[in-house]
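A single structure is presented below for examination.
Chains here go by letter, A, B and C, matching the order in which they are written, and residues are numbered from 1 within each.
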Amino acid sequence: MNPPRSASGASPPGGQRQWPGKAGSTAFAGWRRILRGLVPWGALLPMALTVLVAYLGATLWSLRVSMSSARTFPSDDFVGLAQYERLFDNERWQLSLQNLALYGVLFIVATVVIGFLLAVFIDQKVKGEGALRTVFLYPYAMSFVATGLVWQWVLNPGSGLQQAVRQMGWPDFTFDWIIDQDKVIYTVVIASVWQASGLVMALMLAGLRGIDDELWKAARIDGIPTWRVYLSIVLPMMGPTLATVFVLLFTGVVKVFDAVVAMTQGGPGTASDVPAKFIMDHLFGRANLALASAGAIVLLLTVLALVAPILYARSRGRSA
Amino acid sequence: MKPRHVGRIGVYTFLAFAALFFLAPLYIMVVTSLKSMDEIRLGQLFALPQHFNLDAWRTAWSEACTGVDCGGVRVGFWNSVAIVVPSTVLPIGIGALNGYALSFWKPRGADALFAVLMLGAFIPVQVMIYPLVKVVAAIGLFSSLPGIVLVHIVFSMPVMTLLFRNYYAAVPAELFKAARIDGGGFWRIFVQLMLPMSTPMLIVAAIMQITGVWNDYVLGLVFAGRDNLPMTVQLNNVINTTTGERLYNVNMAATILTSMVPLAVYFVSGRWFVRGIAAGAVKG
Amino acid sequence: MMWARKIGLITATLALAGAALAQKPPAPSGPKAEVIHWWTSGGESAAVKTLSDAYRAAGGQWQDMAVALGEQARSVTINRMVGGNPPTAAQFNTSRQFFDVVEQGLLNNMDEVAARDGWDKFLPEAVLSVIKVKGHYYAAPVSIHMPTWIWYSKAAFAKAGIAAEPKSMDELFAALDKLKGAGLVPLAHGGQAWQDNIVFAAVLANVGGRDLYLKVLRDRDAKAIQGEAFKNVLLTFKRLQGYVDKASPGRNWNDATAMLITGKAGVQFMGDWAKGEFTLAGQQPGRDFGCIAGFGPSSLYIIQGDVFVFPKTSHPDSLKAQKLLASVITAPATQVAFSNKKGSIPIRTDVDASKLDLCAQQGLAIMKDKNRQIGNGEVYMTPDQNGALADILTAYWNRNIPVEKIQKQIAEALK
C-alpha cells in the first residue's frame, strides 16, 4: 500500500499527519462523515434503480396484469383471482410444477457433484488442463437449440443410443426414456447436466484456486488423507462459492425452457412440460397475457416460499 | 509411491470417461455437418460420413438464406461483437462494485435491496419484456445499441452482483480493515486492492457474461433494432423453422461457427486460473 | 491500472469498428417497406424473394427482417409496435391472432386497395372473414396452405402390395394394415402437439364432414361435442395412433417425411409444405410420392394461411409503401410465383395454374368449389381456445383416457 495519507488525500509536508476534518468545525466534520457514508450508497445507485424500476416495477406490473383479463395487450379490467383459479384447475400447470420439482432436485445435485469432482480432479496438476477445461466448458457455449436436438436424436430409441448399442451386439438393450411419459423428464436432466456441469466446474475451480497453498502443505505434514482434507476442510472453506453455485443453478432450474423446447417440445403430449414453457406458450402463442403473468407470479411466490426460511435462518444466525 | 500412482490412474480414468460423455454430442454435430442430407436421412447417427463434405460449413457461414438476404451467419458477427464488449465490461464492473459495497461496506438496507435483486433473477426474461419495452422506449433508447446494452446490464446485474459479493465474502476481513486503517477510501480500496485480487472471479464472470450475451437471442431481437441484430438472429433463422425444410448439416455447422467466440474465450482464459492470488495478498 | 485502460481502449476500438462496419451505403429512393416475417428456411426464403422482387419491380425498396418461428416473429412485431418503432408490414396467420391488435387501433386498414383491386370478388369466404374486421380490411392475404394433406410413398405402397390410392377412411386403414404386414412403419408421425392436431383436423374433416366440423370448431356447440358423431371422430383419431412407430414422440415433421422419402414408412398426415422436403430429395409428385387432399368428391379443403398486416403509422411514405405492398402481393403473377416456391396455393383462383405442380393444381381445383372451402381452427377460435384444444388432443393421443372424458374436457375448454 502507499504511504499513509490524510483523509482528505492531501500529502502532508514534513510527514506530519494532518486531520483537516478535526481541525475544522464539528458541523463541517459531521457533513463530511455523512457524505463519506453516502459514497457506498452512491456506488449502489445503478443497482437500486435497476431493482426499483426494472425488477420491482415489472413484478408489480405482472401482478396487476394477472388480475385482469388481458389477452395480447394489458387491459384495464379487474377480475380478482380468476386467473389464479384457472391456473390451479389446469392439469398441465400442475404437471409442470411437479416436473420442475423433480427436475430441480436431480439437476442441482448431479451438476454440483459432477462439477465439484471435475474441478477437484482437474486441480490435480493434470497434463492438458487447458484442453480438458475447454472440453467440459464447450457445451455451455453452444446454442441449446442445436445441442438439444442432438440429445433428442441420441436418446431416441429408433435412431440413437439404443439402436447403436443393439447393432453392436446387445439386441435387448433398451433406453427409451424419452418416449416414456414418466421418464422423459430424466432425459431433460441428462442434457441439462451435460450443459451446465462445465460452468459449475469453472466456478468451483476458481474457488479452489483461492485456497492458500499453505493449507495443502500443512495437511500433508499432518498426514491427513487427501479425501479427508477435501471433505472436512476445503468444502467448508468454499462456502461462498457453493452458495453462488446453488443460487445460479436454482435460477436456471426455475427458468428452464430452452432444454425442454429443443428436446421434447414439452412432450410426449405434455409430459415434460415446465412452468416457464407454460408461461411462454400462453404469453405468445395463446395470447393470454393474464394467465401467463399469473403463472409467473405463482412461480415467484414458490421461490420465495422456498428461499425465505433459509434467509431467515441466516439472518438469525448472523445476529446471534 | 504406489498409492500416488493408483491415485493418478484414477484421476485420469475419471477425466477420460467424463471427456467421452461430454464430447459425444460434439462428435455427432461435427459428423452430421460433414454429411450430405441423403446420408443424414438414413438416420445412422454415429456413423462417419461417407464423403467429407465441407459445403455445409461454407453455406452456414456465408450463403445460407435467412429470409430475403442470403448471407449466412457471418452477417451479424460484428454486431454481436459491438453488443458483447460493452455488455461484458459494464455489467462486470457494476457487479464487482456492487459486490464490493455489499460485502465490505454494508450500507443500511442494501441487503434488502440485494435480496429483491436476487428474486428478480427468477423471473423468466420474456415476462419482463413488455414493461421493459415501454420503459426503454420512454427513455428513447428502443431499437438502438445503447438500448440493448442497457437491457443486458439490467438482466445480468443479479448474477454478476452475486458472483462478486460471495467472492469478496471469502476475502479475510482483516485485509479490508488494514486498508481502511491505512487511510484508504471507498474507491481507492476498490480499485487498488480488491479488483486486482479478483482476477479468477473476473475471468469466470467474463466467461459467463460473454457466453450469455453472445448467445442471447430474445433481447437482441427485440431491443437492438434492425441494424444491430446479433449473430444469434441469423443462427436461429438458419436452424429454426416451423414448416420449412431442415438442413441438419448446415444447422450443425452454423451452431459450431457461432459458438467459436465463447470457445476461444474459454481457451484463452486458461492462464488466469492460477493459484493463490488471494493467498498472496494475505501474506503481503 | 494498465489493464483497465487496455480494456477501455479495446472496447472503444471494437465498438467504433462495429459501428463503422454496420453502416449501410446510402439507400436508393422509392417507398421503403420494412417487413417482418418468419420465412427463413431455404425454400421459404426463395418464396419471399418472389415477393420482394415483385415489390422492387413496382418501384419499392424491401427491407427484410426475418425472424424464425411464427410466435417469435409475432411477438417481435407486437413489441416493436408497443415500443413505437413498428415495421411497415408484418406477417400473421390467417387467423384471429391480430384481432387484439386491431382492437387497440394499432393497424392501418387497406380499404382503398381492397376496393380498387376488388378483393371481395376473388377471396375465399374463410379468408375474408378473417381479414375483414368491422367492415374494414386490415390484412392482405399472401398464401393459402392446406394442413391436412395425406402423403404416401409409392415405393412403400408397392412393397406392401397396395395397388390403388385409398379413397376412403376405411381403405386407408386397410392400407395401413397392409403396410404393417409388410414390416414397414404404417403412419410416419412426429409426436409434437401441432402435428397431433393436424391428424385430428384431417379425421374431423374426412370422417365428421362439413357440418360437424363447423359445429365443433366454429360454433363450439356443446351438444355436438358430446354427441355420438364426434365420439366416432375421436375414436378414429385414437385408432390411427396404433399405426405409429414407438419412436415418434418429439420427432420433427421433416424426419417423419424423411421416412417416406427413404421408403421406410407409408403414409403421413402433413400440410402442403411437405412438398419442399420431397423436392429437396429429388422426388416428384405422381412418380415417387402421392398426395391426397381428402376422401370423397366433396372433401373439405382446410384453409390455413399467411397475411400481412400494416401497423399504424402516419408517415406518408410508409402509408404509400403499405398500399403498394398490399397491391403487389395479391396480384396474380406474384401469387403464382410465390405459391410455386412456397408449396401453397394462390389466394385467388383466377390465375394461370399451369405453372403449379400436380398437388397444387389439385388443390386449386378444389378451391374453386365454395362449399369445400373451410377454415382451420385458428380461423374460428381465439389462440387461447385453439391452444387449450391442442393440449387436450395431444394428451388423448399419448395417453389412455376414456373418450367421454375427452369430450367433456373439450366442451369445457371451448365454452
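Structural remarks
The rule is short, and it goes like this: a residue touches a chain if its C-beta (ideal position, glycine included) is under 8 Å from a C-beta of that chain, and two chains touch if they have at least 3 such contacts.
No experiment lies behind these values; they were computed from the predicted model shown.
In terms of inter-chain touching, the protein chains here all touch one another pairwise. Compared on C-beta pairs in contact, A-B and A-C come out with A-B as the pair having more. The geometric centre of chain A is 38 Å away from that of chain C, both derived from CA atoms. One simple way to say how far apart two chains are is to compare their mean CA positions; for chain A and chain B this gives 13 Å.
Counting only residues that touch two or more partner chains, chain A has 149, 158-159, 283-284. Residue positions 43, 130, 236, 239-240 of chain B each touch two or more of the other chains. Taken residue by residue, chain C touches two or more other chains at 72, 75, 82, 252, whereas all remaining positions touch fewer.
In the complex of the two chains, the chain B residues touching chain A come out as 7-8, 11-12, 14-15, 18-19, 21-26, 28-29, 32, 43-46, 94, 97-98, 101-102, 105, 107, 110, 113-128, 130-132, 135, 153-154, 157-159, 161-163, 166-167, 169-170, 179, 182-187, 192-193, 200-201, 203-204, 207-208, 211, 215, 232, 235-236, 239-240, 251-252, 254-256, 258-259, 262-263, 266-267, 270, 273-279, 282.
Residues 71-73, 91-92, 149, 152, 156-159, 176, 178-179, 181, 184, 263-271, 281-288, 291 of chain A touch chain C in their complex.
By the touch rule above, chain A contacts chain B in their complex via residues 1-2, 4-7, 9, 36-37, 39-41, 43-44, 46-48, 50-51, 53-59, 61-62, 74, 114, 117-118, 121-122, 124, 126, 129-130, 132-143, 145-147, 149-151, 153-154, 158-160, 163-164, 194, 197-199, 202-203, 205-207, 209-214, 226, 237, 239-241, 243-244, 247-248, 250-251, 254-255, 257, 276, 279-280, 283-284, 289, 292-293, 296, 299-300, 303-304, 307, 311.
Across the complex, chain C meets chain B through its residues 1, 4, 7-8, 10-11, 14-15, 17-19, 21-22, 24, 34, 37-46, 48-49, 52, 62-70, 72, 75-76, 79-80, 82-85, 145, 252-254, 258, 261-262, 271, 273, 276-277, 280-281.
On the chain B side of its complex with chain C, the touching residues are 37-38, 41-43, 64-70, 78-79, 81-82, 85-86, 89, 129-130, 133-134, 136-137, 142-143, 145, 191, 195, 218, 221-222, 225-228, 233, 236-247.
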